[in-house]
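Take a look at the structures below.
Across the two complexes that follow, chain A remains constant while its partner is chain B and subsequently chain C.
This part shows the complex of A and B:
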């Protein structure tokens, strides 16, 4: 066992972790914004909104992320107006931004379906009660539907976030030196793929496990109504016989 | 008018390029993609049922192995697993071949790319299928298993007559999801050089400089494949659960 090699590989791959997290964070953040828009469009009840979001979800869930990434990175630059645009071109010529754009567009499709399902799962009685209280539509949404829906969406959302962590590895195929790209470079330099990829794999696994723990903790915090009351869990201790 | 003319030009170039041979290449690519997906699903079904059995086992050791398998292969990036099997396989094959002297000490024996890719995608698919099978097993009514036991059926007979038919029926919708995932994962094995749809589109895009066209065509072909699968799995679901349908 060559511990020094393992340690130095671990360290080199870890140095690329900030870049991976950067792609991950911005992909998720922009994805959330787009998903919110899509959910709103779908829930608004307009025919156009429904057709548009259906088509969007169909396209982005039905094709591989790799195709979407290549389309954004290689495909869009074929349009003259993209290359001459002062706003679009600086974004679309950079592989980093392209990965973030592709990831955000992709995850938004999955997330909008998660949010739609969560909103539909809010019990009708709750909404009716809010109506009976005379709450306006916005108040109803803000203090009744939204908190319940967010809690309901959390488990599926955490799965989607973990899928996004895995998707950041695709950035390596468009020349980004994040963790996967770095691991590949070391692997090509040393021709020891099993050792190098195992090191990278351990880091990815730890990353995903901690994200899963984090979400499990948030879920626990947000569901006090599902926990047993503290009185029940504390047994009354019998008085010791010998004092 | 300008826009319409340029669209017409675009479409005629597209037609020329596809008719010039890229079209048939892409069709072959679909064939390879489907082959990869089908073989991976079969590998995944075998591994998945074993892992599901391990996860449901009473032995702690087996349960631990099953849990680790599904955690690792659902938690790692697919790309990493594919690289591990392709390059790792090459490393092992080269090491073995060099030590037995069948190749020179500087030669490299490559992992067959189809085999490496199919193993990697199959093992990932197996992790997801294990969860599907486990869920279906848990959905079987406890009373039926107890009844089978009370009849004195052996474990094998219980599995064959009571468990397997029901697990297969209950697993159909979940397997449909895994099938879609596996189609999309199969695009990743283009990095190892299997001439499936993604790699063919890549080659076409690089050599003709029409990346927008070929990636769009590839995207549409993937959409066609995933959307054709939906009604097929719906039909399979209706067929396998025909005795459970409510009368209309």
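This part shows the complex of A and C:
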């Protein structure tokens, strides 16, 4: 085995990790903002809100992210108003921004469904207790519904974040030299696909492993009430080791 | 002058200074099903009213219409003399006219639920502090101090840092009562507080409720505990099919049931 080739490939792909993380971070950050808006719209109870969010989820969950990325990158620039817009054009002519936009729009569809489900799963009795104690709608949401819903949403949300990590590899098709783009270039130059793709795969695996551990740790911190009570847990089983 | 105006305003809406809760001709339908058919009720300060009735007779609905967890279709509710303002909504039903007022009144009407409904992501202590700090805007330190005292009183101070799912039903219900007390409520509403408990845990909750009655708190208690109704409460109200079938002194009511319905009802319990 050619260890030196593995090492140098590893190193080259790792150098693209910051770019991958950048796409990943901004994609999920803007995605979260859009998802929050969609969830609010859906929960507002208006007919428009319901139809709009359902159509949104139908479109962005129903078609491949790759198609959405191509449409954002190649498709939108076909419109004159986009090319002449001082705001849209600087964003949409840049493949990096296009990837972030496509990822954010896509993940928002899934996340809004996750959040909607989580909010509906908050036990009615706990909301009623908050009402009965005179909490305003906003306080009820902040003190009771949101904390409970966040805990319920976390497992599904972490899965979505991991899917998004893998989705950053699509940026390579619109010329971005993130980890996948870099790996493909090395592969082209060396004709050694197995070694190169193995290196890239291992890095993605380790990245997702850390993200999964991070979420598991947050989940652990947030849910002491779902574990056995303190003194029993010592007798029955030790506190699960995390991280 | 302003003092006079304030005094007049304060005196004006209250027809009766002793009245804690006054309900007039309350009606409520769920679809075609008329659940409350014109209920009236007067609770004076210090009254402990036991509300009896078979399942489905509308006891919970009545209690929930008082703090507007359900919106009554018609009728008046006054709390401490203050009328809860309602408006006519477009579909012909009533709706609260002023949510602020409703929230302010709810803060005076702490409720204890059959299934406890403690906030599961908060420790017992946090459960007791949440509403006083966020609704009454009282300083947190003061609320914590009061919360600890209340937990000592209901006998679960050792469990103050536990989460509700880690406690027995009886402990959870005592925590829920302490949570209600932390609001310094004018009236406490209990909806079958012991019905979800294992029989051996009922006593500890009833003891707490009895001590509240003895210190003169105003309580409306929906219950199936006949001993509590007979020995602790100052009035018994018997609901039958959405109407007040009978109302009176507990000793009288139990010794000489005023109606055949009530006679049958207590006979079923004595079997």
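By our rule, the second predicted complex is superposed on the first by the 232 of 243 C-alpha atoms of A that agree within 3 Å, B and C clash if a C-alpha of one lies under 4 Å from a C-alpha of the other, contacts with A are read in each partner's own complex, and residues count from 1 in each chain.
The definition used in the following text is that contacts are C-beta pairs under 8 Å (C-beta built on N, C-alpha and C of every residue); 3 or more make two chains touch, one makes a residue touch a chain.
Quick caveat: nothing in here was measured; it's all calculated off a predicted structure.
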- Query: Hey, is it chain B or chain C that touches more of chain A?
  - Reply: B
- Message: A:224 in the overlay: touching chain B, chain C, both, or neither? Say first, second, both or neither.
- Response: second
- Message: Output check: A:136 vs chain B and chain C. Expected answer is one of first, second, both, neither. What do you get?
- Response: second
- Query: Thinking of the overlay built on chain A, is A:95 touched by chain B (first), by chain C (second), by both, or by neither?
  - Reply: neither
- Query: In the superposed arrangement, which partner chain does A:193 touch: chain B (first), chain C (second), both, or neither?
  - Reply: first
- Message: Looking at A:63, would you say it contacts chain B, chain C, both, or neither? Reply first, second, both or neither.
- Response: first
- Query: Which partner does A:204 contact after superposing on A: first (chain B), second (chain C), both, neither?
  - Reply: first
- Item | Touching both chain C and chain B, counted on chain A across the two superposed complexes | none
- Touching chain B in the complex: which residues of chain A? 58-59, 61-68, 70-71, 74-76, 78-79, 162, 165-170, 172-173, 180, 183-184, 187, 191-194, 197-198, 200-201, 204-205, 208-209
- Query: Taking the complex as given, what residues does chain A use to touch chain C?
  - Reply: 123, 125-126, 128-137, 139, 143-144, 147-148, 151, 222-226, 228-230
- Message: So in the complex, the part of chain B that touches chain A is made up of which residues?
- Response: 71-72, 75-80, 83-84, 87-88, 90-92, 180, 183-185, 187-188, 190-191, 198, 201-202, 205, 210-212, 215-216, 218-219, 222-223, 226-227
- Query: Tell me, which parts of chain C touch chain A in their complex?
  - Reply: 67, 69, 99, 103-111, 113, 115, 117-121, 130-131, 134-135, 162-166, 179, 183, 189
